[in-house]
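Presented sequentially are two complexes of subunit A, the first with subunit B as partner and the second with subunit C.
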Partner chain A sequence: MKILIVDDSKVTRKFIGRCIRQAGLGAHDIEEAENGLEALKRVAELAPDLVVTDWNMPHMTGIDFLHQLRSSGSQVNVGFITSEGTDVMRHQAKEGGARFFITKPFTPESVRDALQQVLP
Partner chain B sequence: MLPDADALTDIARNVWESTLGFAILETATNRAAFPAPHLWWAVDISGHWHGTVLLCVPEGTARHAAAVTFDRAPEQVTSTDTADIVAELTNMIGGNIKGQLGGTNKLSLPRVASAEEIARAEVAPKLWFNCPGGEFAMTVAAGSAR
Partner chain C sequence: MSFPSAPEWIEALEAAATEVVSHGGGSDLPEFEAGDAAAPGGGAFISLMGPGHSVRLGVVGSTPALKRLAAMLTQEEPADDELKDATCELANVLAGNVRKLLSARVPELTLGLPVYSTQAPALERYQVARSALKLPDLSAELWVMMPKAAVG
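For the complex of A and B:
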């Protein structure tokens, strides 16, 4: 299984990858992208099973990335891990087809609980 | 409405402990500035509430945090690593503060604080924390700080 982590912060990509491993999901291949534009290319190349994305990123927000992904025909599972967690954002994410929405700071347990709903 | 000092302390503690895995301890307010060098990062919140969250992290504290994060010895940590960790901590704290504000607000991307902002923040009340590797401070400036 492949998981693509999309975040402009190298630190956060590292944190998320570590949490996935600490959550007992380390057997999955973890790939990274720095922003939504790069992530669109990576999704086409890698065909990941899950994309975990930030919301607040340069060039393209996470929700715009999700909309473009769906516009391209991709139905890959997408979830958000983001610093902001307003009701409006959660609603937008759900409407866009996101499978989960985690607010930073996150723990291995919160990541595991979210990913287990998505990954087989 | 801006969260009070206790709520801001809880946010900083939660972010620091969840992210880096070690406890922090609030020490005092209205202290003098750190010995240089230190990193000042900021995020802006705009909308119903308008202001800037600033984090001041001495280079030694940032180096320790980056070393823990990247599983490296402190001497192997680069300036990019220290900037990245402080930027992300600032982003998380700002995002959590934004989440406690009423109304609709936007959060900027984290950025290096300007000299003017630093000059203002150095004399403003700050929350100070001790943590492994040193200490750090946080302040929230209501209104446009830029």
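For the complex of A and C:
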């Protein structure tokens, strides 16, 4: 499975990647992008099975990234791991087709639980 | 509803920091007291913007203190070359939790992007409230900076 992690924080991308590897759900190719613009290109190149994205990033918010992904025709699974978790944002994410919404701080267990819902 | 006052922002920031520390798995929860006048080190600052108002939140401390706080998010201490990134992420998480805590009061708040600084920012135009976060062998400060024009 290919998983693309989108977050402007390198230490957070590293931690999410570690959580995914520790989840024990099989081997995954983990790729990274540091903002939504880069992620749009990476999705086109890689055709990942899952995109895990932050919300508050330079150039483009996570929800704008999700909307642009869908506008481009991509139906890739998308989930949020973000520092902001208001009800409005959760609703926007769900409306946009996000499969999960995790707020920071988060644990490897919360990532594993989310992945179990999404990955076959 | 009115924009929160500096003490209300500090209270929300302390609650967010307590959430981060308790998430970090330590047995001790932080205690808070009035911050010192002297800035204790570098830190990261992030703006929260509401209708007609804004506020900057910060987390400031020595390098070891910031590394330990950041490790409560990622379960490992950042390397020296990751300190700036990790501290900005810490500020981002604190601000995101503050936003959630105050979302009923100020639903239109939006977050800026965190900025790391090795020195205290210029404070002339701000009302600054500080809270010293105390844990065993760890001391850092939480800052709230409100433009004086907005304080009224």
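Convention: the second predicted complex is superposed on the first by the 118 of 120 C-alpha atoms of A that agree within 3 Å, B and C clash if a C-alpha of one lies under 4 Å from a C-alpha of the other, contacts with A are read in each partner's own complex, and residues count from 1 in each chain.
Rule of thumb we're sticking to: a residue touches a chain if its C-beta (ideal position, glycine included) is under 8 Å from a C-beta of that chain, and two chains touch if they have at least 3 such contacts.
Model, not experiment: these values are computed from the prediction.
Engineer: Should A:Gln116 be classified as contacting the first partner (subunit B), the second (subunit C), both, or neither?
Structural biologist: After superposition on chain A, A:Gln116 lies in contact with neither partner.
Engineer: Regarding the shared-chain residue A:Thr82, is it in contact with subunit B (first), subunit C (second), both, or neither?
Structural biologist: The answer is both, since A:Thr82 touches subunit B and subunit C.
Engineer: So, A:Ser72: does it touch subunit B (first), subunit C (second), both, or neither?
Structural biologist: The answer is neither, since A:Ser72 touches no partner chain.
Engineer: Between subunit B and subunit C, which residues of subunit A are contacted by each of them?
Structural biologist: Touching subunit B and subunit C on subunit A: residues 8-12, 14-15, 56-58, 82-86, 88, 103-105, 107.
Engineer: For a test of understanding, state which residues of subunit A touch subunit B in their complex under the given definition.
Structural biologist: That would be residues 8-12, 14-15, 56-58, 82-86, 88, 103-107 of subunit A.
Engineer: Of all residues in subunit C, which touch subunit A in the complex?
Structural biologist: Within the complex, subunit C contacts subunit A at residues 19-20, 23-24, 70, 72-76, 78, 82, 85-86, 88-89, 92-93, 95-97, 99-100, 103, 107, 111, 113.
Engineer: Could you list, by residue number, the parts of subunit B that touch subunit A in their complex?
Structural biologist: 14-15, 18-19, 66, 69-70, 84-85, 87-88, 91-92, 94-96, 98-99, 104, 107, 109
Engineer: Provide the residue numbers of subunit A that touch subunit C in the complex, in ascending order.
Structural biologist: 8-12, 14-15, 56-58, 82-88, 103-105, 107-108
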